[in-house]
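Naming follows writing order (A, B, C, D and E), and every chain is counted from residue 1.
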Amino acid sequence: MLDDGKKPLVSVKDLKMHFPIHAGLLRRRVSEVKAVDGVSFDVFEGETLGLVGESGCGKSTCGRAVLRLYDITSGSIQIDDREIGATPQPDLREMRPTMQMVFQDPQASLNPRMTVEDIIKEPLDEHTTGTDAEKRKKVSELMDAVGLNRKFAKRYPHAFSGGQRQRIGIARALALNPKFIVCDEPIAALDVSIQAQVVNLLEDLQEQFGLTYLFISHDLSMVRHIATRVAVMYLGKIVELAPREGLYADPLHPYTKALLSAVPEPDPSLARTTERIILKGDVPSPSNPPEGCNFCTRCPSVMDICKRVEPDYREVQPGRFTACHLYNDANDTAE
Amino acid sequence: MLNYTIRRLVLSVPTLLFIAFVIFMLLELAPGDPMASMPLTIPPEVRQQMREALGLGEPWWVRFPLWLKQFFIVEPQYWIDNAFGTNFADGAQRIISFQSRSPVFDTIAERMPQTLWVVGMSYVVGVAIALPIGIISAYKQYSVFDQAGTFVSMIGFSVPPFFSGVLVIVIFSVQLGWLPSIYDTTHRVVDWNTFKFQLQQMIMPVMVLALQTTAQVSRYMRASMLDNLGQDYVRTARAKGMSESVVVMRHVLRNSMIPVVTVIALGIPSIFGGAIITEQVFKVNGLGQLLIIALQGSDIPMVMTITFLLAVLIVMMNLIADILYGVLDPRIRYD
Amino acid sequence: HEGERGRDGELRIIYWQAPSIMNPYLSGGTKELEAASLVIEPLARYDTDGNLVAWLAEEVPTVANGGVSEDLTSITWVLKEGLLWSDGTPVTSTDVKFSWEYCTAEGGGCAQSEKYLDVESVDTPDDRTVVVNFSVAKPFPYGPFVGAQAPIIQAAQFADCLGPRAPECTEQNFNPIGTGPFVVTEFRTNDVITLAANENYREEGKPAFATVTFKGGGDAAAAGRAVHETGEYDYAWNLQLAPDVLSGMAEAGLGENVVSFGTSVERILMNMTNVDPALGDQRGVIGNPHPFLTDKSVRQAMSMAIDRALLTEIGYGDFGRLTCNVLPAPAIYNSDANDACLTQDLEGAKALLDEAGWAVGGDGVREKDGVRLSVLYQTSTNAVRQDYQALIKEWWEEIGVETELRNIDASVFFGSDPGSPDTFQKFFADVEMFTNNFDGTDPEAYMAGWTCDQAPQPENQWQGNNMPRFCSEEYDALRAEMAVTGDIDERARIAKAMNDILMQEYIILPLTHRGRNSAHAKTLGGVQLNVWDSELWNAADWYRTGDNR
Amino acid sequence: MPDGALPVLDVQDLKTVFQTRGGEVHAVNDVSFSLKPGELLGVVGESGSGKSVTMMSLLGLLPSPPADVRGGRVKFDGKDLLNVTPEQLRSVRGGKIGFVFQDPMTSLNPVYQVGFQIMEPLRKHMGMNKREAAARAQELLELVGIPDAKQRLLDYPHQFSGGMRQRVMIAIALACDPQVLIADEPTTALDVTIQAQILELMKDLRDKLGMAVIWITHDLGVIAGIADRVMVMYGGQVVEHAPVHALFTDPQHPYTRALLKTIPTIQGERAARLTIIEGQPPIMAGAPTSCPFRDRCDVAFDRCAVENPPRYDLGDGHDAACFYDVRTRGPRDA
Amino acid sequence: MTDISAQVQPVDHVDPNAPFEPEEKARNQWLDVWDQFRSHKGAMAGLIFLIFITMFCAFGPFVWDVDPGKLDIRNKDVRPIYVAIWDGDAKTSWARPMGTDHLGRDIMANIMQGGRISLAVGWTAMILAILIGTLVGVLAGYFKRLDWGLMRFTDLVLSLPLLPLLLVMMLLFRDPLRAAFGPENGIFLLIVFGIGITSWMQTARIVRGDVMALKEREFVLAARSIGTPPRRMITRHILPNVLSPIMVSATLGLATAIITESALSFLGLGFPSDFPTWGKILFDSVDRMTAFPERVLWPGLAISLTVLAVNYIGDGLRDALDPRIRGL
């Protein structure tokens, strides 16, 4: 591993989250959406792991599954040395303060009928004792911390701008002093000028409280900015995981390459000269992934083997993991 | 879809059996007595004999299975015999009404035409009036038309039919002498004149009943239209240069109808059972009147059979509403 | 109004209660009976004055003309010459005998088996002669085959419908072959019956109408409206409406109200047993006397407080008469010993209660020894009865009797479900009100209802007509005497005496002698309202007057 | 980029106001721009700056009330679109001007087949019969790169992925060979690989069909890759307007400069901290009497608070609405 | 589908910084609700009418202290006082401003007394129906494993005939209730209960559908991530958000309850005869409609206007309770 000194705060092994599809006369389970299909990664204490990928590839599901907002299909999740992969929901309650989530859509994730104060206070009500006044004070502090004016405590979410709403969501996540926060595309719904505010805030808070983030996004430039290491997902699987610099400078997996080349550059001269890898076709359905490598249907450098054998997810360079036959020739041709 | 339908049908059988049982026990517990309508001059011993002749001497655990057998086995056999001249039933006893001593199903079949003509037609008329009102109210929200529509429909909803019915009779039959006050169930439509008469005798009960339907359906329609008028695809349609009528009648209406159709379907059972008062006021003598007479006469087989058929209708309409939902909304597929 | 059969076209009759069947043997309901009387007929029936008239028989047999045996155990009927069923076959004595067999067959649940009580056998010496043999002496042998309740049905048609098979004969029950003026063309149960003139009807030129539409259902007001105000119907049956409503309708001028008085009396019954719910299954049992209604002065005071004239005027107007008897008709049975009840006497009632020691308590309710005069007053749900209740409550409260009203759905109240506490027979209330009457003109069975053994009790599944659970040896003795008395005047004396006991004990408080009122269009002629038999008894004689329709 | 040709679309002083419970919202204030045939005009600006409202005002697509197009001129095809009969306007919509909306997930009617929705404008504007329209619809789908076009005409929108739905929207907009295509953030909801596909497609189509395109976005990267000229909007106004190279190399308005700085890139130096534009977007109540960017501007003068800067022409088709002159680092004289 | 007013969303994003007074002291939330409610003209008119009719019925009898059950045969069929305007000969009396019925009972006193009962029946039955309907709907929508059973239960109740049900209830509960609450309250409870338990099904269905949709919303997931247990999840997050369909059902439910009560009179199962309700007065007067139109007019108007008022109040309340519309 890259930094052997650091210990993983979160350790996910072979996580699978399949949503069943029921059909037939007796509602038998006929098939399933393999939203997350065997994902393993570690998140080290104090780092930000970026998780990128196309829409629908299972990023949100993965993030939610890690926090056990879903009852997962299989796999192990260790947070803070506690295995929570199979813990029943009521028992998870006491774990909740350590792990929190910031949601994709700041509008949708705030109850429109609760005031900001109530929203931020809810976790306190659930997990802490103390008088109402104490809690209110804590709420005010949290609002300060995320840069929200205390005066707005009695307002409803709709009266805020997107960036402010996202701050409310962050304040709620911070309320219980979590160690680990899953940020599920916290900026996707925001305007560019506000995205920066939120990202800066997240960074500040990380510094201040020593937080660990799983930062989900499809904005590669933002991930480059915030993440220490980056995992790239495609169709329910991680295809590449590497430290930020290495990944952006020298992507290994063809999908990562295509993804990076597709990011528009805000510079007309560059933008028109870069050779883009334009992928053909659409993402296959997660309920019916192709045989072999999931990416084989769109891969520009597809080989025969890709269509038959699923590549292993392995460390190909120190600290760099990928799942691609291009980097497997030494071992797997024997197959 | 077919699978789904079959599955739902299969599942509804135990439900219906249970419902049948509950209804039976309810009637069993109810204090009515079929002898209550007999004159007091008939001495008690004779009453007792008559009661026994009706089978009321047997305990419920004999009579309930007997009813089940008659309903599910004997009656279908009779229909088959009737249709194909076979002889499955072989003289088995059908479900016989206590009051008329005739097969319950024959009576129900006899009542069907007027129920369909009046109650069915009123539903059709009610819906036919409600839809345009709902559409216009929503399209011109807060206009005078909209306000008046709300006002009239609420008034219509809140006037009991035993009053509105008599009121229209007093006006149109007694004062003006335009319309018959008593529905002629034996009337046959053969030519224009008889058709005209049929219209004349239907118009009052249909309108009184339709008022209630209109009030409710138009509210739903309005709400649903309002939901859809704000959708993005409406703007798309306008941007394509479609005229307002096409936008509203083709694009918005079809989407708005999806929930409304299910509401309409779910309302059908209650209209069949709920037309009791109106049928009584206009002497339509349809199923509602049959039910009320049977109830008043404690004609248990009749009540049992009609209520059970209504229960079947309710369950079927639930199913049909779901299926319609799927048919109208291509996003929903039952498989 | 003479002429060929069917000359007057359509006759439209409305009954606000719809007939469910055309066979009076399977349903004792008035509406069924009357509908059926258009089609099937008895050997003899009562006319508008309650006199027996021969119908299918040549004459009414009596002891005098030898038709009834001296020992009163058999009666011989002779059918009219040349009678035909509507299907053209001749009516014979076998048909008459069959009618008896049909009603008495085991498991048939015949509603009229009371009519054939004590019939031992029916002999048919020839095609036209029928001899009915009774097992006991019958001072009044006109039960079998007499009146709308016991018509003659065709043996050929009903042969397969005996006993338990009776209900399966839907076709027969809906469309009996008869001798009456009409035949059923279509029968819709609880809805409409259409009939056509009987081509084989025994009288030439009758009926005047070619078809009859007999509509059922709705309510009395609608039926009245249809005859009086819109003229859609020619005849409306039993318009139980408030008199002002009815006269208001009649002002429209299209119809005419007719009334006739039978034996119906609206009455209040006083419960002699205690029905306190706390008693559990001892409620209403004879051993538990009522805490205060057993005090005659209370009952009398309650009777005195009632203004029967006012009640009758409000509730029935011209269609009710004042009476102080539970047996007001026929005239020879009507006692005049109790006429004091006709005048309301609130002061007298109060004085009577004072005298009996019932002192007015703080809340205006009288009490004695901790017993409050508080009554639960129940009746069936019906607009006129509710008006009666309201008025009577007012009066009773004035004399210090607290009154709680309760009205119960008729199907429950008049039902005899032993599980229900609300039946009029169980009488789990202190006072109750309803109307009763008797068929025909002989009060014996009716008066027998108040003997001790007729009290509804748990042992007899609460059956019996003595709802007040009144018991008097004197009364029972009179009833026994009547059973063996043949002489009509003597019978009248006994009946009056029995009536007087009930009245003077204030067990039953008669309120109104109710007439039957129906309405017919002014263009309908020949209507003779008959309360002793079917209202449609002479429908064959009805005809159209004027040229309105 | 054909220069000198007559503009196909010429907008002058467009003004749109919304009537709301809280008072009027001046969403578009005196916006002017023109579009030459075959040109691709990029429109950028932060959320709520009035980009969509401007474009929808052109075609009268705003619901009225609350919207009220108060003034201005929209010259298209020799007519002023703000002063034509509804029927004429309808023939322009979808016929001569195509419109692609932001959200492909909701912009298609969920209950009609895609084919039907493409055929609708064809039958209305081109008077085609069903068969011709179907053939043309198939052609269009192929044009926007949907394989199996014939089959997919019969599919419903939910059976398409987001990228495909957006392509369907483009096909609808292109159906009647419009002279102008207005694309309102057509790729914002899509992810980058699909966005790249659409951008490629767009460039292709423009070259092939030679129509003028207005492309709204707030992603400067997209603009950089596709636009000929760029219009920057802020607070309902055009604050800067320039050829694409000039805008990126020589931004004149402080908002444009700030905007260029906020965006992280995947190439070049990784900034330790993102620059942000402090403050909140303006509330557009009442006609502007001052510079809308003033509160957030780092070079604001007193003058900015009392006067709304006009668009200063800086030559080479570049103009900016700011009193501060970057080149002289001082106030600009009128 | 149910949130009729969701369309009138005003501009979003009122800028939170600028226009508000600096001191944003906890302004009473209910004051805001009231302010918004006040701006709804129909709702205000409805409220005023409802207060008026409630006061009229509740306190009217103290002012107009005529016993509604008191019979006065000599003064029966008195016409309302206004009839004198066009018909000088009519039997009118200032002592009986709205006239008397055919037994001489004062109509005004009866309308007041009837209103008390009708309103009480309407409100209680409606509240009961809403409670049951919401409970069933929320449970079915929220807990997947209860869904099937509860929905079949709904079907079952839907298919039960009201009449025998009421008869059975009378049979089983009348005497215990009478003993516990006295004869009048006993029968009142029975009828209210009967109406209540037979009219919650529509509410349950609608609420269930909305809850199922809400359950998928992100803020519910967010609450789960906080560790909110199901009970509070429902009370805090689900219920407030299904308020508007419940409100619609409630307004319709009040009307249905009042009308069902009068239908029971029609079927002969309603209150005892000395227990007037609007529905019963209306029903009892239908036969004399032409001669005495006032007897149907007043109770009919009372029912209709009350229903209308409640409907408008419901509309206004729904807007007022929705912070998005309140525009706070």
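Heads up, the rule we're going with is that contacts are C-beta pairs under 8 Å (C-beta built on N, C-alpha and C of every residue); 3 or more make two chains touch, one makes a residue touch a chain.
Just so we're on the same page, UniProt names per chain: A = Oligopeptide transport system ATP-binding protein; B, E = Peptide/nickel transport system permease protein.
These numbers were taken from a predicted model, which means no experiment stands behind them.
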item: Contact-graph distance - origin chain B, target chain C; value: 1
item: Chain separated most widely from chain D, comparing mean CA positions; value: C
item: Top chain pair, ranked by number of contacting C-beta pairs; value: B-C
item: Euclidean distance of C-alpha centroids - chain A vs chain D, Å; value: 32
item: Distance between chain centroids, defined by C-alpha means - chain D, chain E (Å); value: 52
item: For chain A paired with chain E, centre-to-centre distance based on mean C-alpha positions, whole Å; value: 50
item: Inter-chain centre distance, chain A versus chain C - centres from mean C-alpha coordinates, in Å; value: 87
item: Residues of chain D engaged with two or more neighbouring chains; value: 48, 280-281
item: Of all residues in chain B, the ones touching two or more other chains; value: 29, 31-32, 166, 174, 280, 295
item: Residue numbers of chain A (touch at least two other chains); value: 161
item: Chain B to chain C touching residues, read off their complex; value: 29, 31-54, 93, 96-97, 99-103, 106-107, 110-111, 166, 169, 173-174, 177, 180-182, 184-186, 280-281, 283, 285, 289-290, 293, 295-298
item: Interface residues, chain E side, partner chain A - complex; value: 12-17, 20, 22-24, 26-27, 29, 217-219, 221-229, 232, 236-237, 240-241, 243, 321-324, 326-328
item: Touching residues (chain side chain E, partner chain C) in the complex; value: 69-71, 73, 77, 102-103, 105, 167, 170-171, 175, 179, 183, 267-269, 272-274, 284, 286-288, 290-291
item: Chain D residues touching chain B - in the complex, by the definition given at the top; value: 56, 59, 61, 90-95, 98-99, 101, 103, 106-112, 120-121, 124-125, 156, 158, 169, 172-173
item: Footprint of chain A on chain D - complex, ascending; value: 46-48, 147, 161-164, 190-197, 199-200, 218-225, 244-245, 248, 258-260, 262-267, 270-271, 273-277, 280-281
